[in-house]
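Shared between the two complexes below is subunit A, which has subunit B as its partner in the first and subunit C in the second.
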Partner chain A sequence: MTDHIVAQAQKILPNIPLSVVSQGAEALVFQTGTHPYCSEESLIHLSNASTFIIKYRPPKPYRHPKIDKQITKSRTIAEAKFMSKLSKLSIPSPDLISIDSINGVIWMGYKGKPLANGEISSLKNWLWWLEKQDDSASLCVSDVVEKVFLNIGALIAKLHLNEMIHGDLTSSNILLEENHDGVFEAVLIDFGLSSYSGLPEDKAVDLYVLERAVLSTHSVHSEIYNEWLLKGYNDMHLSKEFKSKQGSKKLVETIKRLEDVRLRGRKRSMLG
Partner chain B sequence: MYQVFTFPQFPEERIFLSYFTNVASDNLEHIKSQLISANKEYDYCFLNTNHLVSLEHLRSGIYRAISNYSNSSMKAKTLNTEIIFNLSPVNNIMDSIKRFGVDSNCSNVIVIKVLKAGEPEDESFKNISELFTGEVESKELTDNVLFSLVDMPRFKKVYKLNDAAIQGDGTQGVWTRLAVSACQLRGL
Partner chain C sequence: MTVDLDQYAKPGKSYYLALGLEGSANKIGVGVIKHNLGQLSSTNSAEVLSNVRDTYVTPPGEGFLPRDTARHHRNWVVRIIKDALKVAKVSGSDLDCICFTQGPGMGAPLQSVVIAARTLSQLWDLPLVGVNHCIGHIEMGREITGAQNPVVLYVSGGNTQVIAYSRQRYRIFGETLDIAIGNCLDRFARTLKIPNIPFPGYNIEQMAKKGKHLVPLPYTVKGMDLSMSGILAHIDQLAKQMFSGKKPPVDEETGEPITAEDLCFSLQETLYSMLVEITERAMAHVQSNQVLIVGGVGSNLRLQEMMQLMVQDRKGGSIHATDERFCIDNGIMIAHAGLLSYRTGQTNELWNTVCTQRYRTDEVFVKWRDD
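The block that comes next holds the complex of A and B.
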């Protein structure tokens, strides 16, 4: 199955070495060392000038070919536009390199740096890696981890304050990149389900999805992690930059909604 | 002096690029008139440097133009104009020619020719400087050259970046990222 899709991608991308990073429901993600239009690293203005990511949405045989082409095209464009909007807002996200919407291909910068065990530096892999260390009890709730969660909360707040909704906030859709000072900075990826909305409901659901993801994948410390996330989220709303832009009003509305959404979630799980 | 390069996906399309400084404005006016009358001797893509922030930015436009050529989805009549159109964030071919093409007030000129698959080696590019009169100089086009020549206020205006949340003056890298996404997403 995957082989067949890889062959399709290879046909669209001749002479580009492709290695599979992940296969999701909608897309196949590849890594490559080849840039589409700059051959020398010195020409490439990206934090990583030697590895690139290609996200490919293959045709879905169960959809009508004409409709399938339209869906692929519009989702590919929507994701690339969302990324571009984020760079304009200086919200850390992969840099767009090129887009071939007809073929469902987005070429973007590689974010993060493989962990010591070779895995992609997603929040999920990093926390799991910390849990496996000898000293895990103190590592998992260290200042470094706290800073990471505060930073993620702040990032999501920035997104929401610009009326943007991620739509699929999980700990694998957040990558960690070490900056020049050795501090981990969160980078958002995967905007396949992203949208634009100013509604407290949509923002609250976005937060709730992440809260649930943290609870299910990092359950031991999930309570403190979620507390840090919300603190980062709060602080950004009340920061100098956003206070004058109705930050505190928006915060109150969203948090109130979040409580409703949690309640709905609990009721639903009680009903089974 | 000229550079030749290709893109991995399109190994048969060879791109020739030269850069000239000190081009006089009457010379530029003449070139413009020859382009308008479609003189075959002037079958090149001529660009001014006012809105180009880096080589990566320039190449991203050439790349999209060649991709479109190879998928038969060009919007412009010629590949030369398609390159100009794909450097522009504005979805209007005439407007992009005005901003990115020959500008009689900009004495720095980039000349590009794409030799398509099967086209014989073009000797004319070696003599490209014959299209220029006076004290023109042919130089190597580098990232530093482009960044020193770009007219930042005009660049930001054309790419609608005056409201971008950029720290300080922004680096060449930051402006490159924003220009590249604008070019890649134009018209989509």
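The block that comes next holds the complex of A and C.
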């Protein structure tokens, strides 16, 4: 029943070939070979630039039109801004190509590479794929997986140390890309709920949301995964780059708050 | 592979009967359920023999306090049990087990009902089965609607969770970071002094139908979680301004004054949008296209309608909801979930029947499923 949404997108993007990559929660994500403003000839000289991603946030019929317009516009703008900030900080994320906030369209660079089973190389799909392999017990907690989680923890720390909050950290919103040495590198995507804050509370909730997503989605090894995430997060705060910038003080504040947030979750009154 | 549910069947008996007692909030409910031997399926479904309930109703502007609610339950429990058995046409000796809500919920009301359960268990020499209230809602919802493996939105006075099954547990993917949806609605109803009959959420829904202007409220989705206390504080403030006449709020576009109906309308539109959104987020995340709505707030037709609109736009999407007999707290769901537990050999010794106010959905080992 998504055909009519594809048709809507096609109307906004006439003559652009679109193929559906995923129907996320909010957005329909397409792949296309067309660049919005560079000619085909000029693209030949760019590496890795034959495929682009178009993220389209269609109107949601369940929402009041006033709420809907406001959300689509603000999230599209928030996402584009966040992406451009990330690229300035060299935090791996798709390159922003163009944005149409009224129609809820963002054009960006393609990231990741399909897994052996043809699925998108999100952290979620990769871990699920590992779970299905014969030697899954060892594969799921291998050094490679550990490195990936440490790397993700470090990326989130970098965001937070720059007072940036992702707002929707899940294993679907982290893509994996193989770099030149064959090492997996994490790429962050999906910044519609992003915000800017230096408050320990906001950072703690950001971490808590991911911790819970790992627990529910990858429950078998969630404990060690979350441990690695936090280790990567810690290490980045204490690294040379951030130590002089009050990294350790900020770390203590955020982790203390994280403990509060967890407790709130467990102790929340369930009274009517 | 499916779990053998008949290892503990009584020789020579082709069915099971369970009594369920629920009293975790302001309703006391008792029900009798019947399962025939074999797997539950569309051709061998559970049979509701009786489902009796009474609600403790408080005056407008007042919530229900634990002590008074417990007193209400104590006053009614014997009558309601007798009623449920009479309607079901069964007696104590026909039963296989006594199921009771072990939590989560309000301490005093839970305790007043478990005492009845323990007494019956001693009187009739039947095993006790403690049931997690949320699991009761989920299993009853699955049974009634036939939804096999849905994403569950559980919305009630005390709970707001988005749940999906994986590896023998109902896992919580999203939930409120502060207050529950029903609690938020009830508290706003108290601010407006809306009657509590039949229940506050229903009256807000009726008033919302007459609302015209949408007042902008905070929209606080955090990943698959959400927060509602800020919205409540904001709209409470607007209501106060409206009542006091000092700086009464007006509609941005028309300049017309904002009414109580407008506030109900705006609150519903905002909160339910958030609920539908986090449900859709969980569906995309676990790659499911079925939704099941359970819990008291699930009886809200606007919420159901919005969920329907969301699901229509998802490939192969379907929505399942139950009516107020099953989505408002009741005894039959406790009987049903308890009986599933009983059929896999899980019962509670007397010492192990203490109720707990906090009892998370993902603490329960779902022994009766292994898909």
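Rule of thumb we're sticking to: the second predicted complex is superposed on the first by the 245 of 272 C-alpha atoms of A that agree within 3 Å, B and C clash if a C-alpha of one lies under 4 Å from a C-alpha of the other, contacts with A are read in each partner's own complex, and residues count from 1 in each chain.
As a working rule, contacts are C-beta pairs under 8 Å (C-beta built on N, C-alpha and C of every residue); 3 or more make two chains touch, one makes a residue touch a chain.
Only a predicted model underlies this, so the values are computations on that prediction, with no experimental measurement involved.
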Worksheet item: On subunit A, which partner's contacts cover more residues, subunit B's or subunit C's?
Response: C
Item to complete: May I ask you to decide whether A:R63 touches subunit B, subunit C, both, or neither, giving the answer as first, second, both or neither?
Response: second
Practice prompt. Over in the complex, which subunit A residues touch subunit C? Could you list them?
Written response: 1-2, 5, 23-26, 58, 60-64, 66-67, 70-71, 124, 167-170, 172, 193, 205, 209-210, 212-213, 215-217, 219-220, 261, 264-272
Worksheet item: Where on subunit C is subunit A touching in the complex?
Response: 25-26, 64, 104-106, 156-159, 164, 166-167, 169, 171-173, 175-178, 180, 182-183, 186, 214, 216, 219, 221-225, 269-270, 273, 276-277, 280-281, 283-286, 305-307, 309-310, 312-317, 357-360, 362
Fill in: Contact footprint of subunit B on subunit A as seen in their complex
13-16, 34, 36-39, 42-46, 77, 80-81, 83-84, 87-90, 95-102
Discussion item. Can you tell me which positions in subunit B touch subunit A when the two form their complex?
Written reply: 5, 7-9, 11, 54-56, 59-60, 62-64, 67, 71, 73, 143, 161, 164-167, 172-173, 176-178, 180-182, 184-185, 188
